[in-house]
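Okay, got some structures for you below.
Consider the two complexes below, in which chain A is the common component and chain B and chain C are the respective partners.
Let's turn to the complex of A and B:
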């Protein structure tokens, strides 16, 4: 009877190594605790930084003694790299924790059924809600989608299907456009349309500014998706006698459908919380307004901004509740984008 | 009955695109040029509206730091001074603080993601960081104001206490609330996801054969990173940092909530007086007279040109890494 030998993994940690690592970790923790207690330092920052310093020193010294200076450096960098990752994650953890812990107090049934037309941000939380804000954001996002999806996808098609002479400059321009500060987009609509033509705040102006911010996101994501479509499909389409137009419309775009939807979702996530242009353009009404072409137009970011600046405790809770709703919306968008894009491209 | 043979005209074979294709290509090309059109229109309209003010103020629009306007009762402008110097200095200062803080953290977390984290953790972390990049700036602003600011002020006091002899960290008079440093930290947190994902992508392109060669020669992980990954990814990281810089310079709401805007050039990072062009626009827009609005448009134009320049440079640097293929 033959036995299959288990493969050896000389690089894997042996139990002995694990015990040593654990001993170094515990040693560093204990040392840090006493060090911070003895010296006049205090606070979370002190514990955090001293712990990593001590841990890096301990493991560095141990590896240095055992395996030489290269291993010591490796061990030290090891802990620095972990610090970097932890430092990236702390803010997001803190943000999510704060928004949830402070925002849930402001969530109630009337929040989603009433607007602020009969209430001020400083009123008790049982008065008023964010119906106007949610409906306003929804309408503006829809208008922005209607404008920017065709433009974004056409730009992507130009770069993947036509590959014309101006492909490089346009790629650069799309990149540059994604760096346009949101407040500049707002000022542009203000100077080009609002002042000379309509002369009044409206949701449509806000939606126009949002679409400027949305086009590059959609264009770039769609371009990536369209590049993933195998060129066999295009060649097959052309070989069957299809014109380029029919090949793109009947084969390439349907094949990239889920990716294009992902691009739209990411675009929506990009603009859902955009505040600065809305402050300049929409006028921020407190009443549900179904007409984006006239009258002040509420939106979620504007509501958060207004409540936050009112300053009282109720108003700040309102702002947190608004942020919680906004984050939940973005989270839902984000998760649906992920689950769509993780699916394989359908043929 | 005539036996006329029906004349069959042979199908013409041509490489000329059909009409449907020509229309299609025309529409797609036109759509492709939309970004050029929009960027051009932005420049044109902001320039057109701000032209008068820039002409009036001349070079002082960039070098003066006074922002005041006096109007008589009829609303006519009596005297006006518009200078962006304090705001420009503040914008650059905050953005640089942000980049200086964010770049090391992002590079290390990108290294962690690529070379240290196990696969399952890597996937989760990438999702989290991408999510963070999608967070709206108002969220960072309010969180920064209510949660982060107290701790950052405490750090600022520590820095001032121990490093106060360096002119940059001087605080005179002693006022550390809402300083450029606070704004810089908030901006750093906002741009970390961007720089991390750009760095991660460049590091992931490091040639596998060289990585394995380094390991085969007995290199430790750090030695491998130093010899292979960092030389390969250096300019990509710089490009990512520039992208972050551009984003930090154009940030509006987050900076506005945490920064104390003062019309005075201030280089002391811990002193609670700063400026930011984008925040200026939000600050002054509410009760601005038509003439001041024009000045704000001109300020927007300056900001636009600045971010465009930084982004162009970033794009150029990132592209160059992609091509060099070291």
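Let's turn to the complex of A and C:
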């Protein structure tokens, strides 16, 4: 009978290596602290940049002494890469931390159950809420989804399945459209529909402008997803006697389903926080309005903008709370997008 | 009927009994890839197309079920008769042609969004056909493809959960469900291990009782094992041509053309 050896990882860092790495890190931290203290520099940026230089020098020198100049270069490049990644995370982490620390004070039960119709900006936080803004944003996003998903996916199908004569110009336009500033979309709806036709603010006008911003995102993402579907499947469908349309509907689209859902959610995340078109088009009411076709329509971005503008301490706290709610909504969407698109891998 | 007569296109006795290609040429853009192919496939036989890579075998079978036109730059000339009717005649419903001439591809390609059972019956849905009893058809197709025993307890599992060889037999079962007269197989075993290859070869032998099979293969032993007739294709830098066609035993024992002999004995290609 053979004895089974214990599994090992001979390539992994030994405890001794780890202690050494930690020593270099702590040494760099301590050195940075005193260096900044004794020189006229100060501030977070100074700490960060000095620490980076010191850490790169320390680990580079150590590896250089230990294993030669190639290892030293490797260690320095390594620390540059780490710093790049950290530098990207700092603003994101800092935004999240600020929003959470300032926003949580405004979070209360009544925030989600009442609107601002009976409250003034200077009212205490126990009075009034953002139900109108949450419901407004959700309704407008829903309308924008209903408009954009079919249009976006059909555009993507034209580019991947029909590959018609206008494919190149359409592709170019879709790409260009994804760079349209949101205020332009708002002004377009204002001048093309609101002023000449409806002549009044409404949630639907806002949703139309949001659709203009959402369609390119959905079309481009869907196009990429559909291009990933192997052409074998299309050929197999047609070889079985299916028409092109039935092959697309029965095989291509179902095979791309999770990717198309991701495209939808990316589209929602693109527009959920858009502010400029809503300022122009919705009128931004303070009351819960279930009818997107008439009357001023609240939304989270509008509410945040308005509360910051009003300047009172309570209003500003409410604005931070609104921001927190908006970020949490977008975060939930992203997480659900990721879990939906990864579910496919499991089976 | 002697088998030697069967494959001569000039022989009027066998015209119209199965499938016939007459003067088929094919192009991709300006590139002439296939020149003047005349082949007759008698009903209920297995014909192997052999020849080095790039000689147009796959292109040829794709002209038979009109999959050739899927490539945007493709063009063709000639006629392909199925039951005496040219599949390229104007007014022909191409989806009906593909229903009668099924195809199995080189790489197994079960539909990923469908279960094993749905995959088998997918042709019916795609072509909007009605059958009285789907369960019977499902069992029959999977049995004929030699897969029933392995999958009967997990018909609602996804096609992707099968092994490569099983997936290919699933694709064969899928083609059988729409009851084709002709089955084209484009190197169906090239991605499979020897055991799966053997199973598929058995399947081909069994199917040949009820349909005409055309199989492209790079495996000479496979051609010898499964086919009644063999056609040798070759391209000498120009468009691919059909050099010789004969009953398989003759092609392998006493080929008429020197190039065929060199190829089947492994001297080139």
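FYI, the second predicted complex is superposed on the first by the 289 of 347 C-alpha atoms of A that agree within 3 Å, B and C clash if a C-alpha of one lies under 4 Å from a C-alpha of the other, contacts with A are read in each partner's own complex, and residues count from 1 in each chain.
FYI, contacts are C-beta pairs under 8 Å (C-beta built on N, C-alpha and C of every residue); 3 or more make two chains touch, one makes a residue touch a chain.
Bear in mind that the values here come from a model prediction, so they are computed numbers and not experimental data.
In the superposition on chain A, A:99 makes contact with chain B only, not with chain C. Contact with chain B, but none with chain C, is seen for A:279 once the two complexes are overlaid on the shared chain. Contact with chain B, but none with chain C, is seen for A:91 once the two complexes are overlaid on the shared chain. Looking at the superposed arrangement, the partner reaching more residues of chain A, out of chain B and chain C, is B. Legend: residue contacts after superposition of the two complexes on their common chain; A:21 is shown touching neither chain B nor chain C. Once the two complexes are overlaid on the shared chain, A:248 sits against chain B while remaining clear of chain C.
Touched by chain B in one complex and by chain C in the other are residues 243, 246 of chain A.
Chain A makes touch with chain C in their complex at residues 163, 230, 232-233, 235-243, 246-247, 250-251, 254-255, 257, 347. If you check the complex, the residues on chain B that touch chain A are 17-18, 20-21, 23-25, 27-36, 38-39, 41-42, 45-46, 48-49, 104-109, 111-113, 116-117, 125, 127-132, 134-140, 142-143, 146-148, 151, 154-155, 189, 192-193, 196, 220-223, 225, 243, 246-247, 249-253, 257, 278, 281-282, 285, 293, 296-297, 300, 303-304, 307-308, 310-312, 315.
For chain A in complex with chain B, the touching residues are 43, 45, 70-71, 73-74, 77-78, 80-85, 87-89, 91-92, 94-95, 98-99, 150-151, 153-155, 157-159, 161-162, 164, 166, 169-170, 172-177, 179-185, 187-188, 190-192, 195, 212, 215-216, 219, 243-246, 248, 266, 269-270, 272-276, 279-280, 301, 304-305, 308, 316, 319-320, 323, 326-327, 330-331, 334, 338.
Contact residues on chain C toward chain A in their complex (touch as defined above): 65, 67, 70, 72, 95-96, 98-99, 102-103, 105, 107, 109, 111-114, 122-123, 125-128, 158, 160-161, 171, 174-175, 178.
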